[in-house]
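Next up, some structures in structure tokens.
Shared between the two complexes below is subunit A, which has subunit B as its partner in the first and subunit C in the second.
What follows is the complex of A and B.
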């Protein structure tokens, strides 16, 4: 019950103020189509430099939680999901809004999000210390395989092409080797003075997530948001609470599926929402009503996409393996404060990690309260023309990257990586494995070199890296995740080919 | 797959294969060898996967990635050109705040769907730019104390 001991830290004036700021800001930014939670958190990292680690993480955690929930506002009122995690919410949420039940849909979505989110954070609270103790047994070989696992799982599960996903991961791992070698001090791949100190993770994250979005907005040309915001009529909040608890099946399916999916690295909120929606529809006796503005559709989707937030941080905090792109960005936020997550995080930095987790717990409640208060107003943000959004994001990306080390080199790296990522995305590559490669590269290399030295002095490299049940378990998971993704890709292709043939 | 994306896929995967092979070449030829053990491991996989992707593109078997259409290229070209000039030249030469103000206003003018002939549109654009720059100055100069390159007008 360590978390209760640190609960008071959340309520200090500065911490609580930052929690409120992150929650309200996240709700508004989340409602803006095109600003994904990952990009929002990446753009916010530079603002945490001046803060204490505890305060910075509280701000980032609150933004992460509330951008996911805020995306429901534009999904319901405009049929434009604020984030991929809210795609399933549009199916019934927007139909409810069209029927004049917009306020009810918003209330259901925020209440379900808060309940799912609370369950997910409790899972994080109780699961993380247990896993962290277990992870203390990990040596260099296991940590090396774990880093490779992080890159391959995200590379294969998060990408539409296994080969391109793995290739993205390799590019990220290579980018991580640029600069000076830690052991021998030798220069590696320094082709420009901007990268002489290696690639700084924060400008890289900002570039990889923000710049492709800016260019995508440019690619749409002179276009406004022609979506019409549906006006919201009043709906009693008590009735919404009663409705959510009356529809226990959808709520529990969404919460359970979201929590489980959150624990699997690389799967993410989009899948959580869609799987929960699909399963609720299959199990519900009112399955015919799904898609016609059924409250259970909104409850299942929203409880799932917020339930995955807490569990997605479990691998990050215990094993330093980010389970999602947003978790990778949060890892960047920890690293800039000199905190390296892993098994010893809870013993070395309990004053940072517990208030952070607790703030996510309180943040779920604040997110529900403020979501209900400002939802109708926040939808107007979605009317901001893409031109303004593109210019704002570009400006923030430049200032944010520069402020990391007061270096123009970081700004050049940010733009170069962002530009490259835009084109790579258009050819089927994904940013998530590249980011994971970039972040996990130093962990993989340090443990590989350390393991190689131990191996050379003892049993030899093959025996060291390929013996022990834990090594084999990790290798098997790597192979299974690649094999499963290839099988799924081939199956989907066969399916598509058959459809093409019969069309 | 139409011809344009196929050509684009060949060019893109060819470039990636080129990078992969260059990385592998540097990894296996540079000294001290001890510093390149991990890059050799990575670059071997990188090069193999990149060549695989390139061959698939050559054979027209690429299934993922729609490429970039002509319309998209035309739409994004001016914005991209301005963003590149802003970042790689103007930010340092003119100063961050001057360059950002100009870039913000130009991008708004280029991509805002509001009619250019209406005076209110221009007033709105000026006000949005001024508001944004005030927020940026407040956040970065006053709150975070970020020292940016010298402004041309200062």
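What follows is the complex of A and C.
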């Protein structure tokens, strides 16, 4: 119960002030398109130079926690996912906002985030030694099969038909090959200097989600604005709590998947939300409602996102290996004060580590409180006339893409992909599977290459990729997932667009 | 308070990339940008942030330095940008990693070579080391090479990628020991390569001294040898490769420092070359670097020019066989 012993440290005036600063700053920065949690934490590092180690880490812990949740704000209100983690949130969250239920969507997302997040941090507190072994269990062969499992999700994710979902995924996989390949350094499809470093996921995300919507809004123009006004419904906070706890299935699937996947170094944060969304959809008796503004979609995705925060730090704190880009930035924040993470961390620097973990616990609650306070007010964004909204979203999209690495090339990539996506959407393709392909492509490829190199030097490829219970477990899940998709496809009528499907 | 303002200015410029020009004093009259061709949180980024944290002091550049990350393709994206698009106005500095960028330029397919850049000063030197898991049966390089001799091409060991310091070290080891090894480049950089060693996916690995030192403190690895001319202060007990009978020099040592694009005004280069090494010598910088386990080696512009030329020669020879 060490964490309770050090709980008092979080509430000293200076520390609590920093905690508030980190939480509010994190929410604002997280809600800004293009500023991912990694960037936000990196921006805060210079401020910790002058602070005591304990104070610095409280600031960073609170900021990390709240930026992950803050990303949901732009995903729901503007359909711009702040980071890959928030992709799944746009699917139902933004649809809810368009129906005037933005306040409800935001409230659900903050409450689900806080519950998932608290669970994740408690895992970090109580089960760290056990989880550390699990984080090491995923080698090249396991990560390869995991990526393939992700690919099987593509078909059933938010498309009018499985075939179109798979086609979108293939486009994403192809886009992922552009640039220098990760292992051999070979150059592929570099037809313009903007893509010489490959397609960066954040600008691609912004373009694929925000730009088709901007074009649609401009196309509507000023005609018929009177009919377009959405009445933003108020939503009592108590009702939001009741709703989240009534949707136990989505909440528990989201939290469980987020915690498990968050542990896996290098993969976790990006796909936790999408996998949780897809699994809740498959298991739910109301699976047809997903994608049409169903609260379970928001709850599953956001609880998974924040549940991943705690476990994603396990490899860093116990083995001194940063498992995610954000963990790598936090490692810098520790090293700058001469603190080396590792098994002795908890005995050598308890006065730093425990307040850091506590700051994430308290940060989750504060983040939820502030989120609920602004939700009702922020939802009014939906009342902004489409023409004005389109201009604002376009401006944010350009700013967000540019800010990732100060490159106009990323802005061109964002615009080109967005324009292409506008036409693809007319034919019933959708952006989520495409982005999933873009994220999973490099993971599958690089791990296959590494696995094959190790296998050739040792036991041979068949033996390497098909031995071990974890490999076989993943293979079985892959087969079941594909079988389920085929069954769904045969059972359902084919539709040309999503609108036909829901009509 | 002044530091806070400098920190805020740093964060602001990092976010917007805008420079606040004011006044008509001598160079520098506005904040300076330092391009790092690796992601936020990596060793190069982390060290660049520390060595530039006193830039605003009166005895340094008197202006804060903002870090700009342009990551991708093992550093190629950032250095391509620096060689072709960065303005040679003295307000755009870049961080170099030797032997990485020199090896990549010899391999080809990039827009830069040693002639594209003008070095200013070197701040750090991180040698490569050979690590094995803590429970490994190997206890010296002799054990490793004995295994490799029995199983030609069967000794798997990880490193951060191709044409980086770790890869150079691997090639040197193969050549010096006269055996065939299986070098497995990792897509997740040094951290990923270290994870592969600890998880037992590979039998050993080449990694950064600073990261290996931390891993050994954590009790997860043993360090068998240093790819450098002398033992390192952080690891007095670990012998060099030369001591263990392998003729390997310091060609794989990861030198980090600051450079500007070729074509920058010589007066600005001279000013930077005079001020930047003293900025690195600041005691606060040294204590932060030591706390993080990052070995420092401050070199002046002339010393770096010489080091680059030497590396160019050694690497051309070593990579000719690939």
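The definition used in the following text is that the second predicted complex is superposed on the first by the 269 of 503 C-alpha atoms of A that agree within 3 Å, B and C clash if a C-alpha of one lies under 4 Å from a C-alpha of the other, contacts with A are read in each partner's own complex, and residues count from 1 in each chain.
The criterion applied here is as follows: a contact is a pair of C-beta atoms (placed from the backbone, for glycine too) under 8 Å apart; a residue touches a chain by one contact, two chains touch by 3 or more.
These figures come from a predicted structure and were not determined experimentally.
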{"item": "Partner chain(s) touched by A:287 [first = subunit B, second = subunit C, both, neither]", "value": "neither"}
{"item": "First (subunit B), second (subunit C), both or neither touched by A:338", "value": "second"}
{"item": "Partner chain in contact with A:163 - subunit B first, subunit C second, else both or neither", "value": "first"}
{"item": "Partner chain(s) touched by A:448 [first = subunit B, second = subunit C, both, neither]", "value": "first"}
{"item": "Partner chain in contact with A:43 - subunit B first, subunit C second, else both or neither", "value": "second"}
{"item": "First (subunit B), second (subunit C), both or neither touched by A:467", "value": "neither"}
{"item": "Contacts of A:351 with subunit B and subunit C, given as first, second, both or neither", "value": "neither"}
{"item": "Contacts of A:329 with subunit B and subunit C, given as first, second, both or neither", "value": "second"}
{"item": "Common interface residues of subunit A - those touching subunit B in one complex and subunit C in the other", "value": "46-47, 49-50, 183-184, 402-403, 406, 449"}
{"item": "Partner subunit A, residues of subunit C touching it in the complex", "value": "3-4, 7, 10-11, 14-17, 39-42, 45-46, 49-50, 53, 68-74, 76-77, 80-81, 104, 107, 109, 153-156, 161-163, 182, 184-188, 191-192, 194-196, 198-199, 201-202, 214-215, 217-220, 288, 290-294"}
{"item": "Subunit C-facing residues of subunit A, complex", "value": "38-39, 42-47, 49-50, 136-137, 139-140, 179-180, 182-185, 187, 196-198, 200, 265-266, 315, 319-322, 325-332, 335-338, 340-344, 402-403, 405-407, 442, 446-447, 449-450, 453-454, 456-458"}
{"item": "Contact set on subunit A toward subunit B in their complex", "value": "46-47, 49-50, 160-161, 163-164, 166-167, 170-171, 173-174, 177, 181, 183-184, 186, 188-189, 214-215, 217-224, 385-388, 390-392, 394-396, 398-399, 402-403, 406, 408, 411-412, 415, 419, 423-429, 444-445, 448-449, 452, 493"}
{"item": "Residues on subunit B engaged by subunit A in the complex (per definition of touch)", "value": "8-9, 12-13, 16, 19-20, 23, 26, 30-32, 34-39, 41-43, 45-46, 49-50, 52-53, 56, 62-68, 71-72, 74-76, 78-80, 83-84, 86-88, 91-92, 96, 100, 103-104, 107-108, 110-114, 128, 132, 136, 139-140, 143-149"}
